[in-house]
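Next come two complexes, and both contain subunit A; in the first it sits with subunit B, in the second with subunit C.
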Partner chain A sequence: MEENPTSWFMRVTVTILFLFLLAPVLLVFPISFSGDQILAFPPSSWSLQWYEALLGNTVMMSAFLTSLGLATVVTVLSLIIAIPASYAIVRLKVTGSEFLFNLFTAPLLLPTIVLGLAILIIFASMGLLATFTGLVIGHLVITLPYALRVLSVSLGNLNLACEEAAASLGAKPLAVFGKVTLPMMAPGIVAATALCFLVSFDEVVITLFLTGPRMTTLPVELFHHVESQADPLVASVSVLLILMTLAVVMIVDRTMGLTKAFMK
Partner chain B sequence: MMHQTIKRDGVETIGDPYLCLEGMNKKYGLVEVISNLNLAVRKGELIALLGPSGCGKTTTLRMIAGLIAPTAGRITVGGRDVTQIAPHGRDMGLVFQSYALFPHMTVAKNVAFGLEMRGLSRADIANKVAKALGMVQLEHLAERKPRELSGGQQQRVALARALVIEPSILLLDEPLSNLDAKLRDEMRTQIRDIQQQLGITTVFVTHDQVEALSMCDRIVVMKGGLIEQVGTPHEIYERPATPFVASFVGRTNRVKGKRTADGCIRIGSSMIRSARPAVQDDVMVMVRPHRIHIDWNAASTEQQGETANRMAAVLSRITFVGDVIQYHFDVGGSEFIVEESTKKSQVSRDQGDKAVLSWSVEDTLVFGADQ
Partner chain C sequence: MTTATFDMPVGAQKSFGTAGVAVALLLPIALVNAIGFILPVLNLARMSFNEALPGGGIAEALTAANWTGLLHDSFYIELITNSIVVSLGITLATLLVSYPIALYLHRASGAWRTFLTVLVISPLLTSAVVRTYGWIALLAEQGPVANVIASMGFQPPRMMFNTTGVVIGLTEILMPYMILSLMAGFGRLDPKVEEAARTLGATPFRTFWRVILPLTLPGIALGCLLCFVLAISSFITPKLMGGGRVFLLATEIYDQAIVTLNWPLAATLSMLVLIIFGAALAVYSRILRMIEG
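Let's turn to the complex of A and B:
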């Protein structure tokens, strides 16, 4: 085995960097098992009371279910829109597709808070505030650029000859897409699914403008809770958020490997 | 003897044409990549489109496949006009340089794809797939995924996939270019054997003259979107129609000369003759390096009989290439390369050695200098 002389230095640096990035996240786990009434580290006693409190907190639980449903619906819609859109842009190269691509991905470059404000103004007049439909549309603005980018790159990297071979073998355009193009895009589709789900599930800035007492999401409710109270309930909610994220990442890793899904 | 007239354009009349390209033209914006291409291919023939990159050979193949729409022209197969038909309705088998196997399907599924598209019964498909894989000796790899195969195996799967649908025409787009040299030789033989066994009309795109010469019934040499010459490998090699064909197919010496009043050609101070009379005063003379004989002991360049050209030369450099040895001669200011096969007891020669080069009048190719 060849040993890189600087590898020990690299390892120490990477370890420190990882600790720096992860320390606040890791801190949440012990605090969530706190027996205290206030948010403090280290806790003076241990208990499961904040998990019980979370399960008993109907506002938090309904916000969690809303977030879960919202992320699912937003992800499915993002794919339904972005897959044909990326095909039209990359393969069919319809006139103005360049412009459309830039338009679709522009929200990535705009300050999210400005977007949120703009959406608030529009939705207020349409009665979409604090509705599920309103949240779905708001989140789509943020998730579509990710989905479109990931899927366009994935489609652009495919060997066009495979599709041409399929056509020469007698497959009509729709069959070529369904039997060859789509299955070959699978890594890109998994990556887009994971990204859309996580972005929607974590979204706070735009959602803040669109939620209300009638309907709220878990990250927003968490934010409101911290504003009014400083108890360790937020730690158990955070653990819930982290576990959801980890679950998505692990599903991706199990189905095709993280590197393949996100690097290609 | 072989003194047929050489056809200068691609329009050729052959008996029983099967695949016909008439007045094909392709423009990208103002750039014309194919201009007025006419070609007739016989049933069961293996024809090569040979030329350097950018000569339009791949564009021509893709137009036949229906992957590129021609700007003008007509394509017929067995009398049926297919010009406006989409690729999936053309019934042509395509093999790509990049193999283009479906990565998410097994070898057997790849081969079965075209049959499934034709709605064959499952038993029929299994039967035909097994037969096609047997033809390329890959039955034992039927359940593997393409990424688990070597390049040569992948290309054989691609060939089986294209042939299993029993297409009217087989189109091969540089199918051997991604393979290493040894494998390329094997595949060459295998493709030719299968092609002849099935008697399938085949168009083969290549930039490799050895492939074209060794595998094909006829060769179409292309340059800049135009056909330079159509002919059998023998015709292309022995009677190239243009200087481009002469230098692209096989190696050749090229020397400038002047026509004299008596129909001979003067190169420096020497006079030579050619089988075909020169058509211009300024000419380009070409001679294949291995067709030249070296006489190290000749006393003079006096003509012996009427069949040979003789020129005095001085050895300037020797290059040993293994199976052949290349002698670089200076002939009145021009360089002549002569190739001899190496022998065990090669007499060593030195720079400055004098010799007389001779070659037959038949082997002297003469072109106009501005051609």
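Let's turn to the complex of A and C:
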């Protein structure tokens, strides 16, 4: 690239803008090691007190466990529901499959504040508010579109030849699916798993409408905490959330890398 | 079972079986879609025509009172205009801070480009609550931003619990969406075209204004549409950074639904957000036709 004042100017501008983009996330790390009682940056002293406070905070810890359990159940159900659905839409090509695909992914087009309110009103009449079942259904509404999309793309990219070969050699449809199609979909399934887990684990707005004092998730508890007092405890929770996301992304990278290596 | 298969014509048996299997495979997702999406949304539309009773009660009715009430209440007229104006401002700010990054990324290549793209996407994987909290720390009264402004000899403005804070926070939160939309629309921008303009003697500014900008207009339109609809429906950042002093559509929906328990009004405001979505989409396709044609 030629060296001229414009490209130099461009580089400085882009660096500043990247700092602006990343500042709030990066800031959370030093604040979590603050020795102060209140939120201040830079902290006047350093300590691990806010991590200790987090471990001793029963509300946060139980909300964390709820989130973990909820995200796990939602992810497993999303796969169980979306894998057959993607097969029906992509492979069986039922009449109006394009319409069905658009219908089943439509919840992502609605703002979560509207969807959350809509679900709140219906669930209130069904007695599903502040229940684990209610949270599971509420989260499925937004994880299923992601799962269906990722799995359909994955299934659509598969080479039909292997399945046809298995079928022509006398394998029953279910055996073809279980022994050929499903293993070949592995990268898509891993991606869908990670996506569903992260979406469910991070969901705030819809969950805010469906939780109550008896049943709450970590992001919702974090929201209420920031709303009432912005102390460094939020930073230590945030660091854990970020590390957890990072772990999921790295697991996917590892598994996908491994799967690809194995298939080649 | 086996005898039946022999009796049936092969084609008919296959199609019958396929349809049955497909219905079974699609039933669970259709159920979740019906209970968690179609039914709630239809019910929400219906709720906007019900009558709210004092104390959180709801009377089944078919009245347009919620809708006409909105248009006659100066608080709501201001709330709606304010939401639209603030969202437009956020969209413009997001475009200005995202465009240089998108252009730089479009020109970058190899591992450097991959690394920077990961940096752009990574905030998307971080909860909006966490990022808003980061902004609260940055913009607090004695915070780092205020200190820098003070050290330059200026009186730091109030940046928290007012619209300024909400605009700054949301601009940063929406940046990844804008950058990715811009990059998606930058496909037509060939470095050779820029080079041609430069070798023909155009100044960098003229090259940008006459060549780069027109070619990137479709990406700009897409990014602006996306950021506008996300801004006007965003809730977490205005709620936390507005500190109850910034009134926007999304925060009002939540307050009416959870605090005041006026569900018919909350439903009406929700429907209004969807109408604004539709209007934004119409404006977008019109602008796109103008650019293309």
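Note that in this section the second predicted complex is superposed on the first by the 235 of 264 C-alpha atoms of A that agree within 3 Å, B and C clash if a C-alpha of one lies under 4 Å from a C-alpha of the other, contacts with A are read in each partner's own complex, and residues count from 1 in each chain.
In this section, contacts are C-beta pairs under 8 Å (C-beta built on N, C-alpha and C of every residue); 3 or more make two chains touch, one makes a residue touch a chain.
In this text, all values refer to a predicted model and were calculated from it rather than measured experimentally.
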Of the two partner chains, subunit B (first) and subunit C (second), which one does A:12 touch, if any: first, second, both, or neither?
neither
Tell me the contact category for A:247 with respect to subunit B and subunit C: first, second, both or neither.
neither
Report for A:222: first if it touches subunit B alone, second if subunit C alone, otherwise both or neither.
second
Identify the partner contact of A:76: answer first if only subunit B is touched, second if only subunit C is, both if each is, neither if none is.
neither
For A:184, select first, second, both or neither according to whether it touches subunit B, subunit C, the two together, or no partner.
first
Just checking: does A:114 make contact with subunit B only, subunit C only, both, or neither of them? Give me first, second, both or neither.
second
Could you figure out whether subunit B or subunit C reaches more residues of subunit A?
C
After superposition on chain A, the subunit A residues reached by both subunit B and subunit C are none
What part of subunit A is in contact with subunit B in the complex they form?
159, 161-162, 164-173, 175-176, 179-180, 183-184, 186
Subunit C-touching residues of subunit A, taken from the complex the two chains share:
4, 6, 10-11, 13-14, 17-18, 20-28, 31, 39-42, 80-82, 84-85, 87-89, 92, 94, 100, 103-104, 106-107, 110-115, 117-122, 137-138, 140-141, 144, 148, 198, 202, 204-205, 208-209, 219, 222-223, 226-227, 230, 234-235, 238, 241-242, 245, 249
Counting only contacts in the complex, subunit B reaches subunit A at residues 65-67, 86-94, 96, 98, 100-104, 113-114, 117-118, 158, 161-162, 165, 171
So, in the complex, the side of subunit C touching subunit A is made of residues 18-19, 21-22, 24-26, 28-30, 32-33, 35-37, 39-41, 43-44, 47, 97-98, 100-101, 103-104, 116, 119-120, 122-123, 125-138, 140, 142-144, 169, 172, 175-176, 204, 229, 233, 235-236, 239-240, 250, 253-254, 257-258, 263, 266-267, 270, 273-274, 277
